[in-house]
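Two complexes, one shared chain (chain A), two partners (chain B, chain C).
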Partner chain A sequence: MSNLILTLTVLMVLFCLGSSRLLSIIYLIAFQGFLVSVLPFFINDKITISVILFILVTLLIKSFLIPIFLYFVMKRITIKREIEPIIGYNGSVFLGLIIIIISIFIGNKFNFHINHHNTFLFPAGITTLTSGIFLIIARKKAITQVIGYLMMENGIYLLGLILSNHNLNIIEFGILLDLLVGVMLMGIVLHNINKTFDDIDTTLLKSLRDL
Partner chain B sequence: MTDLVLIIIFLNGLLIFFTSIKFGRYLFFSSGIMHLIMTIALILNSQNIYFNSYLKCTYEGLVILSIISFLFLCIIFYSISYLKEIQLSNERIFTGSMVLFLSAMTLVSLSDNIILIWVAIEATTLSSAPLIFIHKSKKSLEATWKYILICSVGIALALLGSFFVVLSMDIKGINCPLTYTDFSNIANLLDKKLLKAAFIFILVGYGTKMGLAPMHTWLPDAHSEAPGPASALLSGALLNCAFLAIYKTNKILILAGLGNFSNKLLIIFGIISIFIAATFALKQSDYKRLLAYSSIENMGIIAFGTGVGGLAAYGAILHLIHHSLIKSSLFLTSQNYLFAYGSKLIDKVGNGIKLMPKSSILFIAGFFGISGFPPFGIFLSEFLIIMGTLKQGLYSVAIIFIMLLIIVFAGFAKYFIRIIFNNYDGNIKIPENFQRLLPQYILLAVSIILTFFTFDFINSYISNIQIYSEVLHG
Partner chain C sequence: MKSLILFLTLIVLAPLFSAIMLKIKAFFAGKKGIPLLINYYTLIKLIQKTSVYSISTSQIFQVGYLITLATTLTSLLFLPFSGLPPLLSFNGDIIFVLYLMSLGKFFTLISAMDTGSSFEGLGASREAFFSFLAESAFFMVIISFFWFDEKLSIASYFMANNKINVWNNYNFPLPLVGISLFLILLTENSRVPIDDPATHLELTMIHEVMILDHSGPALAFIYINSYLKLLFFSSFLTLLLFPRFGLDNKWNIASFYITLICIYISIGITESIMARFKLNKVPKFLVITFSLATFATIIIMGFAR
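Moving on, here comes the complex of A and B:
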């Protein structure tokens, strides 16, 4: 089951890389958030109440609160599509495939012998993380960059699942809270960028530079 | 129980958003005073901590905490007059974010848990972003967007690095709390390969926040667009916090026998930062950006000194203290200029010595201080770093270091002289006043006092850090 979820997660990554409609990327990242947050159910040996609570909160934040917030930000913005990305959609999907191959290669190099460890977890995490960074670099619209950041956080979350249970749940709530507040702040700034520049194209943001 | 004050300060910050502006100011001031009392109490009795599984008073943490506390008090004093003059429409966002920012930085300086320090550093980004955004101009929007995005992505990499540190323990089948103290105790049992990977991610991640080149691109924008008191706090206190996280991780690496690897990286990043700052300081049109590049340079010097180790590591900690004091005084003074001339461009500013004599004296004094002239502490710290480098036999590195410092000085001298002595026709808008001068006098005076008089407790603190690093570097 966990393998199926991880495969779907990576599939979402490829869909995100190939999609030009901003709204559909938000749906995709919401679904990816859902997949990533239910994964601990199938990986952990012991399901305690604190684990369930943690999964529920992650689910709430990653696949409901953040996407809904981004959806409302999108509604106020007139631009619905990403036009002229820095790297094209077909090229992006192709690069995504290459990233997957490289991640599997790296995953084989690091041989982790941890009890509950799923061998596919590490490559999937690295793929999601790298593709997130790639989205931030290769797209011009500010909202896609926020999605890239979210995808990156999902990848790190997957990598974090490799660690055995360390009882750091209280602090993991802190990570989630930071993520939530961070995306909300980005949304507010994004809204203001849209108001001031009539667009959310980050190439317009170039007045501050040296040389 | 002293750390519980932190929760009160945090709640104060939240409360400011929901109360009247006048009461908000009162909360703003009281938070600073409470923070000072907390810091003094922690210095006197560093064992008195309630959340002792997450927080711990280390020597380096206390040094940074006392810098934060002292700076914040000076900045509050400046802000009284600043807020009167500028008439912000959203003043609650300014005061509230300042207090939240203060509590986040305090959490960084006290936290011992490797994940908690990440949460706290990300919280500093989030709480300081509204400060940059306060004027809602096109430029400040751009600066805020860059700040949030670059720093969040960078810090996310640091989280990955922190996970790798934990993983390096998991792989060996060890189970201990995820604190820096525990990691230091079992450092030589950790997996070496993963620990190296972890350090690279952590250095790049927190290095972004600290302003190390080539991840520094957000820093000049954010520091120049933020209002004066906020840029003073960003430069004087925030960068140190990010350094603290790198420093603590470096300590684990050294104890694990990987000191050569991590120190080399620190030296390389340090030199690159100084180099980038030197090139950009030679051609600058904005005096606040100039000061921001100076921050990049000084962070480079600190990273460099830490990497060299021994005497230079002592110098680096000394440099950190004096840089905070002098740089924040410079940023506060630059706000006086911004008030008077209404522009951040060097060409539109001039004849400071006639029009704003006291601010100009402060500016020149700060300039001498930051360039490393004798009455100020940076002279001593840079001297120690150079001596330490020579002592280690790194002659060529020392020569590059000195050359770069000279170039930075040349760039600064050119522009500072222009600001103070250039011709300027016309009048100034808002003249300087006592309230907006006293904090800078105090900051510079403290820097001089710390250079000439040795206080036992401060000295013992720094040398405790130093003994540690000297033992480590053999």
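Moving on, here comes the complex of A and C:
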């Protein structure tokens, strides 16, 4: 079951890389957040009340609060799709596949002292993290870059699941809070960029520099 | 013996299965729909006509459709329907079958080019491009099967052992392969999101434009070929998907038939709820198909062994 969830998580990464509509990317990232946050149910051996609480809070923030917030930002700035990505969609999907291969390769090389039996956790984490960074690099619209940031956080969360026992959840909570505040700030920034330039293309920010 | 009977029944029933698809589309459109035996009536009507060949065509045009039909029939011989031993089998036959299909497609293409119509050449070039992309995806599917069972024969993939079947609980990437195969099926048989089999004389169509010059018995053979080709791909998918009840169980055949009909129904539903893609969207769709298959292969290579 955990393998299925991880496979779907990585599949969501590929879909995000291949999709041009901002709204569908938001849905995809919400679903990915859902998958990532229910994963501890299937990985942890013993499920205590604190684990359940932690999962519920993560679920609430990752797959409801942040996507709903992004959705309202989307509604406000009336931009529906990414027109000119720096790297095209088909190319992005292929690069995503290459990232998966490389991360499986890395996963075989690294020999972590892993207390979980799941060998796919590490490659999935690396893939999600790297693709998040890739999404930030390869897209121009600021909202997609925020989504790339979210995806990166999902990858960090997956890697954290390997390295931490669940008494380290407090760190995850800290990251999650940072993320939530970051996304909200980014929403305000987006709104201001949109008000100034009538677009959320980050290349327009170049005109702010001194000549 | 059993497999021969099953083979013949499926071939005879293939037009009926395609008619089920039409019924589903009619149901979604709120119509009563044409009778279930419509395809047989059409075939009988067409075979009774005389052949008309354009004077600008050569011998190739007159044998092209026959070769296409022959290749499709031959490739059906290799499928182990419902897990029973196939009529023909050897190591490496999956590659043989794929290239047989390509040979059939090649003859469809050159008979389209042979008519000298610029319109048909257009369709031929599109068909060649899209089937080239679909074929790469199909090869990726085969590579993923190869990692399960280190043989290159359809019989060893699907026959007695339960290795390559979705209902096996440790085969978690196989549903992805199934989705990818379904998308390949839609492409190879020119079904709706790629190409509309119901359109004629439209600049955007792909497959139908290539058969414009065929008439009478030739057209009947082309229709039979399209039913059989759809049967081939959906049987291939069915072999991956259908639930099995142990070896030599008679319920296997029932579940095979039910899954096969379900696949036809799902094609009908896909055709009813989706519009055709714009022509420049089709390569993207095929790239997604290829990536799905590749993704499944990577997962299988890394972990499922």
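As a convention for this text, the second predicted complex is superposed on the first by the 201 of 211 C-alpha atoms of A that agree within 3 Å, B and C clash if a C-alpha of one lies under 4 Å from a C-alpha of the other, contacts with A are read in each partner's own complex, and residues count from 1 in each chain.
The rule we apply is simple: a contact is a pair of C-beta atoms (placed from the backbone, for glycine too) under 8 Å apart; a residue touches a chain by one contact, two chains touch by 3 or more.
Here the structure is a predicted model, which means the values were calculated and not measured.
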| Superposed on chain A, are chain B and chain C clashing or fitting side by side? | fit
| field | Touched partner set for A:Leu97, first chain B, second chain C, both or neither | value | second
| query | With the two structures laid over each other on chain A, which partner does A:Ile87 touch: chain B (first), chain C (second), both, or neither? | reply | neither
| said: Looking at A:Ile162, would you say it contacts chain B, chain C, both, or neither? Reply first, second, both or neither. | reply: first
| remark: Between chain B and chain C, more residues of chain A are touched by B
| message | By the touch definition at the top of the document, which applies to A:Val38: first (chain B), second (chain C), both, or neither? | response | neither
| query | Who does A:Leu11 touch here: chain B (first), chain C (second), both, or neither? | reply | second
| request: Go through the superposed model and pick first if A:Ile55 touches only chain B, second if only chain C, both, or neither. | output: neither
| Which value in Å is the smallest Cα separation between chain B and chain C when the structures are fitted on chain A? | 22
| request: Overlap the chain B and chain C contact sets on chain A and report the shared residues. | output: none
| note | In the complex, the residues of chain A that touch chain B are 110, 112-114, 129, 133, 136, 142, 145, 149, 152-153, 156, 159-160, 162-164, 166, 168, 171-172, 174-175, 177-178, 181-182, 185-186, 189-190, 192-193, 196-197, 202, 205-208, 210-211
| chain C partner contacts - residues on chain A that touch it in the complex | 3-4, 7, 10-11, 14, 18, 89-90, 93-94, 96-97, 100-101, 104, 119-120, 123
| request: Over in the complex, which chain B residues touch chain A? Could you list them? | output: 54, 113, 115-116, 118-119, 122-123, 125-126, 129-130, 133, 136, 138-139, 141-146, 148-149, 152-153, 156, 159-160, 163, 166-167, 170-171, 175, 178, 194, 220-221, 224-225, 280, 283-284, 289
| task | Please give the residue numbers of chain C that touch chain A in the complex, ascending. | result | 172-173, 176, 283-284, 287-288, 291, 294-295, 298-299, 302-303
